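Next come two complexes built around chain A: one with chain B, the other with chain C.
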Partner chain A sequence: MILRLSGLAGLLLLAEALPRLGLVADLPPASRILAALADEAGTAAFWTAVGDTLTAWALGLAIAVGAGVAVGVLIGAVPTLRAWTASTVEFLRPIPSVALIPLAVLLYGTDLGSTLLLVVYAAFWQVLVQVLYGVADVDPVADETARSFRLSPWARLRHVLWPTALPYVFTGIRLAAAVALVLAVTAELVIGAPGLGSVIAVAQSSGALPTMYALIVVTGLLGVAINVGARYAERRFLSWHQSVRAEPAR
Partner chain B sequence: MRRLIAGLAVLTLAAAGAGCGSDDPGAGSGGADKVKVGVIPIVDVAPIYLGQQKGFFASRRIELTMESGQGGAAIVPGVVSGQFQFGFSNITSLLVAQTRNVPIKVVANGVASTGQAGKDFGGVTVRRDSPITKAADLAGKKIAVNTLKNIGDTTVRESVRKAGGDPAGITFVEMPFANMPAALQAGQVDAAWVVEPSLSAVTAAGGRVVAWNYVDAAPDLTVAAYFASTKLIADDADLVKRFTDAMNESLSYADAHPDEVRAVLGSYTKIDPKARAALTLPKWPTAINKVSVETLAKLGEQDGIFAGATPDLTKILP
Partner chain C sequence: MRRALRLLALPVLLVAVWYAASLGSENFYAPPLRTILAAFADTWTPQRLRADVLPSLGRLAAGYALASVLGVALGVAIGANRRLRAAAEPVLEFFRAVPPPVLVPVIMLFAGIGDGMKVIVIVSGCVWPVLLNTVEGVRAVDGVLSDTSRAYGITGAARVRHLLLPAASPQIVAGLRQALSLAIILMVISEMFAASNGLGFTIVQFQRSFAIPEMWSGIILLGLLGFALSELFRLAERHLLAWYHGLRDASRS
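On to the complex of A and B.
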């Protein structure tokens, strides 16, 4: 742990020294950025922005996960459907979410809706693709066994498909959680939807560099928190699964 | 599975919520109309924030919300689609929209140049040690503007032309105003057209202004205006009139109270107090200077900004 934190301390030292030595123009020293961060943390507007960003993130992620799992299980479980939709998925998936910004603005202006559209679009494919892999990974012997025991489709979904797919679902959620934050901040930054991104843009256009960097640091911290949270949830909900059980032994 | 059903429920709710995204402005509390205005969070729009603080809108039964788009790009479509009832945009962008038959019309003045060389809120700047000393020297150079094919490049070309230089060889580079002081310092561009507060940042770092492009383009140039969709103007003329009245009162008040303007800047920008005290404020007349708008239209046409079309000023101006 101490070794890990030393990396952070080194980075802070570097970020303090480089601007003071005049090696990087227009980057305030770390101490000034931290001071600006402390100032920001004392304002209500800052916490509203953090709340807006987290709302867009959580709502977008929830919709993407819900839709990704539902669509993924449906498509994955019905081979014909999988064959029909394969080309559609492969066509839509690589479209960068940010390319939808003009569409988002036309539909929702600078509201939360615009951010959600971008977040959901980006996060949905992460979940869907993982679910499809998960469904494809079902052991045919187990599936056949369940069939010969005349388990209902529902019971097979519950007891055969779902436990196999769940680790994939969590991988999808973890990937989607990170992507969702990136897209939430991007949408706010570019479109001006309320949240940390738009506050960063205002700080930038105001020439308030320490504040701008302080807010960027906050988005980084949110990213770390989200990643740690997702890993924790994964370990907790998959404690029965060998991929997680084996981890401490490694 | 219960989680899955919950997910589906969330999805359905979201879809239902999305459906009411473009609701018309409903009557708010106390019979006031809820009005959303698309603005760019810069110095130019200080009067509307000040007017809101002073109650000029509330007294006309308007409940104002400012939505900040990061540029005209989000504001014009927002007004057309009814997300915003009013928007703020520079004149050249409005003229471009007009040549494309976008159904919008100006309802109030936005911001104007001070008309004084040496004391305007925007200008073309160079580094302290630059060999460029006058507007004519900008010919053939690389100049930063915030948006290509817009009010920046067209007025800068006019400055060069008026100074006897040939603007044809200028390369314009697009970058946000806030990045320009650093780009200038790093030598990425030969000159940069900046407005406040970036203008103060450049001069504080020793930079010089070599051309006052707004001043050169036309006396007392109208730079930007507030506009609405022609649909709103036809459907709710009373609301538009109340907005225009409130806006005019705000503009006059802001023009007469620079200290209050500097104070209100702290409420919606992050310009630090020292910079707020030092920056050059624009002018906020209530009248739109039609002659200057004609000049911008002519310059834009000359520079090929309207893709060969001629803007019809009677359709865009009130």
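On to the complex of A and C.
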């Protein structure tokens, strides 16, 4: 714990000392960045921006997870469907989501819609691929047993397929949550949709350097919070699962 | 034969549906696919490819290579040293969580708007997946192997070369794969901010001048590029990790 804190303290000291010694010109000392952060936290505009970013993030993530799970279970549970769609999934997946930025601007202007388009596209594939892996991981013996007990397709989905796929789904959500934040901020930064990204762009073009760095620190903190939150949720909802139960023993 | 059919059927069908459905499209923003394809041939001439796509690919390659080397080197150092890891971990977690595109304005301050800036943007974003995966991979090296190599007096560079790197390589490759898609995204974004050539710049230029079919053709080109690079990566991975996949298959059967 002491070592962990000393790492952070070292970083802060470095960020304070380097600019004061005149070694880097465009970086304000850490104390000034923190002061700017405190200033920002007192304004309503800042919290509106945070709210806008989080709204786009949460909404986009929810849509992507819903669609990813539904499509993934459907494709994964029907082998023929899976075989026929594999090449298309593999083709669409690597298309960089930022390629859609010009299209999003034309369709939605600088609204929430254009941010959502990018976030959903990027996050959807993360979830879908994980769900496909998860469904493929179903134990054949369990599946055959359920069949021979004449469980209905719905019951098999509910009691065999879903518990197996759930850990994969959570990994997918965790990955998608991080990607969704990146794309939400990117869309705001590049397109100018309301949110933290566009505030950063304004701060940069008006030369308010401490504010710009303060806002960047905020995006980082948001990212950390999302990671921690996703891990916590995973541990909570999967507390019955072996991979989580085994963890403290290591 | 059946496999080829399965591979191609849906993509061909989708393109055909798009082609047919858009044939009479009056929508300014969604022109007929026929127009887009014609624009594709007109726009991406060899000359254009040389002027815009090659510089983009050059920056991508430079940034990706630099990030890989940096990520693996730092990752091995941090992963192999427990104290260093404890001190570095919170800092790394934070830097990884910063969305890479917000660093573009910062890097523009330090490095101007030249090629250097674009390469640094790519490095700054895609070094993290490589670095963190390498740390995890090195940390998870089999304890018996590690003790054995120590007992035989294998230390320093030989230890890294013969024990740590091979043992961590499946994880490192997973990190490299993540980094590749990030690198493409960052390449495009850095060119959207400040550039006079490159794919991202050209596509935004088309969008601003309302050259819609050309813009669509650029999006399609980016898609093809992303696909080609990820296929290339898969080939390289299969070659590089042949021993690992073989081992896994053997232990499974």
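Going forward, the second predicted complex is superposed on the first by the 248 of 250 C-alpha atoms of A that agree within 3 Å, B and C clash if a C-alpha of one lies under 4 Å from a C-alpha of the other, contacts with A are read in each partner's own complex, and residues count from 1 in each chain.
Quick note on the criterion: a residue touches a chain if its C-beta (ideal position, glycine included) is under 8 Å from a C-beta of that chain, and two chains touch if they have at least 3 such contacts.
Keep in mind the model is a prediction, meaning the values are calculated, not measured.
In the overlay built on the shared chain, the residue A:R158 is in contact with chain B alone; chain C does not reach it. Of the two partner chains, chain C is the only one touched by A:P96; chain B is not. When both complexes are overlaid on chain A, the residue A:T85 reaches chain C alone and has no touch with chain B.
Between chain B and chain C, C touches the greater number of residues of chain A.
In the superposition on chain A, contact of A:T219 is made with chain C only, not with chain B.
Of the two partner chains placed around the shared chain by superposition, neither chain B nor chain C is touched by A:A30.
Legend: residue contacts after superposition of the two complexes on their common chain; A:L106 is shown touching both chain B and chain C. Of the two partner chains, chain C is the only one that A:G10 touches; chain B does not reach it. Once the two complexes are overlaid on the shared chain, A:A201 sits against chain B and chain C alike.
In the superposition on chain A, contact is made by A:L59 with chain B only, not with chain C. Once both structures are placed on chain A, chain A residues 26, 102, 105-107, 189-190, 201, 204 are touched by chain B and, in the other complex, by chain C. Note for the complex: chain B touches chain A at residues 1, 4, 6-11, 14, 18, 21-22, 36, 38, 41-42, 67-70, 73-74, 77-78, 81, 83-84, 176-178, 181-182, 185-186, 197-198, 201, 268-272, 275.
Only residues 3-8, 10-11, 24, 26, 83-88, 90-103, 105-107, 178, 181-182, 185-186, 189-190, 197, 200-201, 204, 209, 212-213, 215-216, 219-224, 226-227 of chain A touch chain C when the two sit together in their complex. Within the complex formed with chain B, the chain A residues making contact are 25-26, 59, 62-63, 65-67, 69-70, 73, 102, 105-111, 113, 116, 157-158, 162, 189-192, 198-199, 201-208, 211.
Across the complex, chain A is touched by residues 6-11, 14, 29, 83, 86-91, 93-106, 108-110, 181, 184-185, 188-189, 192-193, 200, 203-204, 206-207, 212, 215-216, 218-219, 222-223, 226-227, 229-230 of chain C.
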